[in-house]
Amino acid sequence: MNRPLEGSWAQVIDYLNTLPNEIVSIDLPAGLLADKHTPGNAVVKATRTFSFESPKRAFLFPENAERVGDWEYGSIGLHLDFYNKTETPFHYLTRHQAGLLLRPRTKFSHKGTFGHALLIAGSYGKMGAAVLAARACLRSGAGLLTVHAPRIGFLALQTAVPEAMYSPGHRAHYWTETPDLQPFQAIGIGCGIGQAPETAAALEEFFRMMESGNSGTPGLVLDADALNLLAQHPHWWRLVPRNTIITPHPKEFERLFGKTADDFERNDLQRRKAQEHGIFIILKGAHTAIACPDGACWFNSTGNPGMAKGGSGDVLTGLLTGLLAQRYAPRDAALLGVFLHGLAGDRAAAEKSERGMTAGDLAEAVGKVWNW
Amino acid sequence: MNRPLEGSWAQVIDYLNTLPNEIVSIDLPAGLLADKHTPGNAVVKATRTFSFESPKRAFLFPENAERVGDWEYGSIGLHLDFYNKTETPFHYLTRHQAGLLLRPRTKFSHKGTFGHALLIAGSYGKMGAAVLAARACLRSGAGLLTVHAPRIGFLALQTAVPEAMYSPGHRAHYWTETPDLQPFQAIGIGCGIGQAPETAAALEEFFRMMESGNSGTPGLVLDADALNLLAQHPHWWRLVPRNTIITPHPKEFERLFGKTADDFERNDLQRRKAQEHGIFIILKGAHTAIACPDGACWFNSTGNPGMAKGGSGDVLTGLLTGLLAQRYAPRDAALLGVFLHGLAGDRAAAEKSERGMTAGDLAEAVGKVWNW
Amino acid sequence: MNRPLEGSWAQVIDYLNTLPNEIVSIDLPAGLLADKHTPGNAVVKATRTFSFESPKRAFLFPENAERVGDWEYGSIGLHLDFYNKTETPFHYLTRHQAGLLLRPRTKFSHKGTFGHALLIAGSYGKMGAAVLAARACLRSGAGLLTVHAPRIGFLALQTAVPEAMYSPGHRAHYWTETPDLQPFQAIGIGCGIGQAPETAAALEEFFRMMESGNSGTPGLVLDADALNLLAQHPHWWRLVPRNTIITPHPKEFERLFGKTADDFERNDLQRRKAQEHGIFIILKGAHTAIACPDGACWFNSTGNPGMAKGGSGDVLTGLLTGLLAQRYAPRDAALLGVFLHGLAGDRAAAEKSERGMTAGDLAEAVGKVWNW
Amino acid sequence: MNRPLEGSWAQVIDYLNTLPNEIVSIDLPAGLLADKHTPGNAVVKATRTFSFESPKRAFLFPENAERVGDWEYGSIGLHLDFYNKTETPFHYLTRHQAGLLLRPRTKFSHKGTFGHALLIAGSYGKMGAAVLAARACLRSGAGLLTVHAPRIGFLALQTAVPEAMYSPGHRAHYWTETPDLQPFQAIGIGCGIGQAPETAAALEEFFRMMESGNSGTPGLVLDADALNLLAQHPHWWRLVPRNTIITPHPKEFERLFGKTADDFERNDLQRRKAQEHGIFIILKGAHTAIACPDGACWFNSTGNPGMAKGGSGDVLTGLLTGLLAQRYAPRDAALLGVFLHGLAGDRAAAEKSERGMTAGDLAEAVGKVWNW
């Protein structure tokens, strides 16, 4: 279907939606466009939708939540060759796909093999974000972790995360200067750093250090206040290294790239910006979307609303940084990290409940989902 | 039965109570009034009482513990319509009733959907109360939590509760000033705050901020020293916002509202005060009673004496604040919070024991009882 | 048997002990005196001993470990009346005996019902002792706990034991002054307090406060450095309140009461001193012995060598203080506390192992053994 | 086979290695030398190797990982006498061998029986190393543990490891002076101490204290920065006490003893140095090698690549120090410690996963593997 329903069809649907019955849609709820925004009300509000081969893009956006209801999909026997040859930039990140990205951990490897991650995180009142990111990073399989944090963070970090080394900042309360980056294969910046002017200056200086090339080319993840600062200083975009992974939630995305009329437009904008800046944009949400520099866009299949809590994002940043430290390619790290983050959320919800789980549970659960 | 037994009946009962036998009462122990205070000794001391349809109010008060013994109730086949039509302000809060209050956690929700809670808690020597309240709040399903505490609380909070943000107070040892309330959907005040004069002033200033209306109308929970301070400044009552939830234990209740002759009078007073101030009064005890502004009074069915320990109340306050942050109506938050708090207590007692469980176990257990 | 074996019997036994065979003794290993010290070598070294009705006192002392081997006992059908009428000051503290001491936790009880415990514990470098004692106390069923500790202990306590209130001392590093004792039903002093002269003075002042009677008559437990200080100031003995519980290990016992020639003499001395001072002396060891002011002596049946680690004693002190706070009679608290402490040790060893368990595991396990 | 393959045999092997097939070798992959370095490419790259009686030394080195693949060995019925009589300095440390080293924990033992361990560990930013070493030591069965650390380490240690006593250093940030060594049966030095010049001076002073003999002859473990400092001051070697255990990873080994051409040469060098200095050299890796002063060399059979993470080495040091404190002979401590460390790693990997486990999990797991 390519255009919205009108006239008497629309009236029938309006009527259907007033009934108390459970409505099951096959393929697509009547009136819903599969691949673009469907305005207006002339769309069946299905309780449940069964679809074929793979989920339609329309299923993956909040704007259609009420129309699609719970959905599932199954094969109708399309030949796999046909399926694989259908070129599309849109992919659904399944257990199988994620499994292909996992690399073995070989016997004679040592902690150097698995890289050294650096997290620049935390500020006065937000040290917990650093703790959560560090815990997730430690459960990512990385060999070594250093957390650079303001001096006030020393005790919280060394008590709560004894496995991580602590690199003390110059100031007590916020990030002002970047340590030598030579030892690190991956850097994650932003969790709980706040937006002090000195921190903004530190972030700009960091970008210039990266640009100088003296620090090698470590993988980079930007999150939270690093993104908010970037949104305030759009001229820094030219300093952001290629293949950087950024992980905005919808509000941060809007601050960075502006408003859009609907979820399809937002997804298009996300893909365009990923190509324009040569970066990976992970837009967090129910079906987290990962836009790649080559135009591809993956939608995640794991996770649950129990993760809609402060600190979940810090866990993702720590995990992604840990994967990059192990020299996973940025695309593989982005996909695997998002998938595992959701899987850990599902594990935590199974152990506690969606309501009762915390971001701390989520970070712990990262350690338990690798042998999924 | 409407009046106490006298004469030879009373003698028979006196005699019965001297026997070593187990006594089983049906409906009510002989001599006990169902709905008002029964003075004197002319009441059978039952080992066990079987009652019908619902527990009598007399069963729910400490003064009758020795008379009613262990009690149960079952249906005798009264028609449900009859039962539902019987108008009474008194309700027994069962698993079924509580279940009706639970709201789904929908797929495309995000942390903003679940609100931002503020706890004003802790002082030098009582930071643990803030930690316990925060832990329970984090397991309530709320999206974000900020704990405002004296400066000395920074480390305890950021180490023990990394998921919570910390808002530092102006003074090292106690609460003196209220942060901007704009971001918060719910506020819980009182756990471990102490009664320093500056803290009393801060509480009054807080009430005036709320009265000004510039802070929106966040849900409010008052507990512990906030109640003790309120008891010392009764003229503040006119500043207490409508629909505030207060959670006194019996001594705090007495300080607030005065002594009563018996448990029935106390219950009546509780209901009157809830109506007078337009608030919810949760009187904590074996069958915690929740008096509503409309005159209704609910008695809780969950919980056990293992919860009779320092810190249990802090857990309740954290949980209630977290429910309000999620925009549960104050009545629903009060009922659901009390019910879940008791259920968590039962869970902790099952895992450890009534004697061996701690308030920390209770806070953890809150995370596990949502799928009851 | 009343006297050591001599002559050819002794030679036979010498020969037996050279054999590689497993030796099983019935009743008593040949040559061993049941109730007094057996000198010399003319005693069979049994691999295993089966005894009747109850263990002999000789089985319970280290000096006979090699002679008795593993032992068990069973009934040979002595009439219970006979058994109960046999007067002896010596008792074996079994699961059954301990069970008789447990009091129910009634439904309408509240935290006040279960008392307020005070621990005076910790010093710079030994704050962990305070943490361990506090954890055990919180798992004793007590209603409230306050820990009075030097100022440097604030954070360790409020982070690690949020359920406990903290009463800050006047000095940073050690105990110098006692807080108002009015609120407390039980006081435990000594874990990790060190032996600074100011601390000695504080202890003496504490005894005088107790003597003045203005502090009511809270239960009292003295342990560790409180005992070492008492050993250095024997004139304080007259200040030690009646019914105080002291918990020396063998070295502390020796410092307090002097050396003895053998384990029987030590046991006699222990009983005499308990009577002389009107106190309970808990001599810690494999079969911890509890000497009562009335001359009775109980030997504990629970526990294992995995508890032979730093911190185990702190756990016992916390537990005993918590029991006294609940107004268990000192004798019952002493017996129940020692029994449960050993049971918790057995539980921790079952979960980890004797070697791998820590005192922290032991404190946690106290919470799990109440429903034994 | 004693020399590399050449000519047409080599060609056959080159061809075999290009095939996609799975290759199973019996006894040895064709072309591989069992007991010395095999240069070049003329060696079959087996997917799997089945060998006889015991693994060949060649299987145990990284350089042959690709050639041997996964390997197993089984008995072909060689008479045990023959096997035991074959003299070889090389041993494979199996579950059975390690089991022979375990000593019973007897009933009447007390905390003194199990010794007092001292860890000198931690510096500003690396206090976590001290925490991890302490946790492992506490799970080693030792009776008492003191951690000597810079003043800044007080809180991290007393909160995270309450069972350990804390001995404060003179300086805030690093180790500068050694406490009285009299009370200790074993000392572990190096985890996270850094390489400040004052720390180097402290280490030298420590060696001189040991040399003076006034400190008795406690067991000694040197690790991490203690080894790096020793590498910078080779003239200290004459001060290193006999029977010291050192635990370098390959890079630290190289700094201490220089580079070698291949893994066999490194193993030879390790054995020579152990004999020369009269010490135990534990070279950490997939099959950790323990070289003894008498020329013997043991290869460990437990462990997995999940242990290739920062902090694993600290756990080993803590465990070894705890075993020495219990007066295990240095050789037995070295073998048992390495074996248990690997077993704990296998346990942690089974509970979490190789990727998801942390060094903290490893330290915890040490407590659970004693009853293997």
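Labels A, B, C and D are assigned to the chains in the order they are written; within every chain, residues are numbered from 1.
Everything that follows uses one rule, which is that a contact is a pair of C-beta atoms (placed from the backbone, for glycine too) under 8 Å apart; a residue touches a chain by one contact, two chains touch by 3 or more.
This is a predicted model, so every value here is computed, not measured.
Asker: Where the contacts of chain A and chain D overlap, which chains show up?
Answerer: none
Asker: In contact with chain A and with chain B at once: which chains are those? Just list them.
Answerer: The common neighbours do not exist; no chain touches both.
Asker: So which chain is farthest from chain D, going by the mean of the CA atoms in each chain?
Answerer: Using the mean of the C-alpha atoms as each chain's centre, the farthest one from chain D is B.
Asker: How would the chain C/chain D interface be labelled, same or different, where same requires over half of its residue numbers to be shared?
Answerer: Under half shared, hence different.
Asker: Can you work out the whole-Å distance between the CA centroids of chain A and chain C?
Answerer: 56
Asker: Would you kindly tell me how far, in whole Å, the mean C-alpha position of chain C lies from that of chain B?
Answerer: 40
Asker: Would you give the residues of chain D that are in contact with at least 2 other chains, written as numbers and ranges?
Answerer: 155, 159
Asker: Tell me, which parts of chain C touch chain D in their complex?
Answerer: Against chain D, chain C makes touches at 62, 65, 124-129, 131-132, 152, 155-156, 159-160, 249-251, 285-286, 304-306, 308-312, 352-361.
Asker: Note which residues of chain C are touching chain B in the complex, please.
Answerer: Interface residues on the chain C side: 105-114, 138-145, 154-155, 158-159, 161-168, 366-371.
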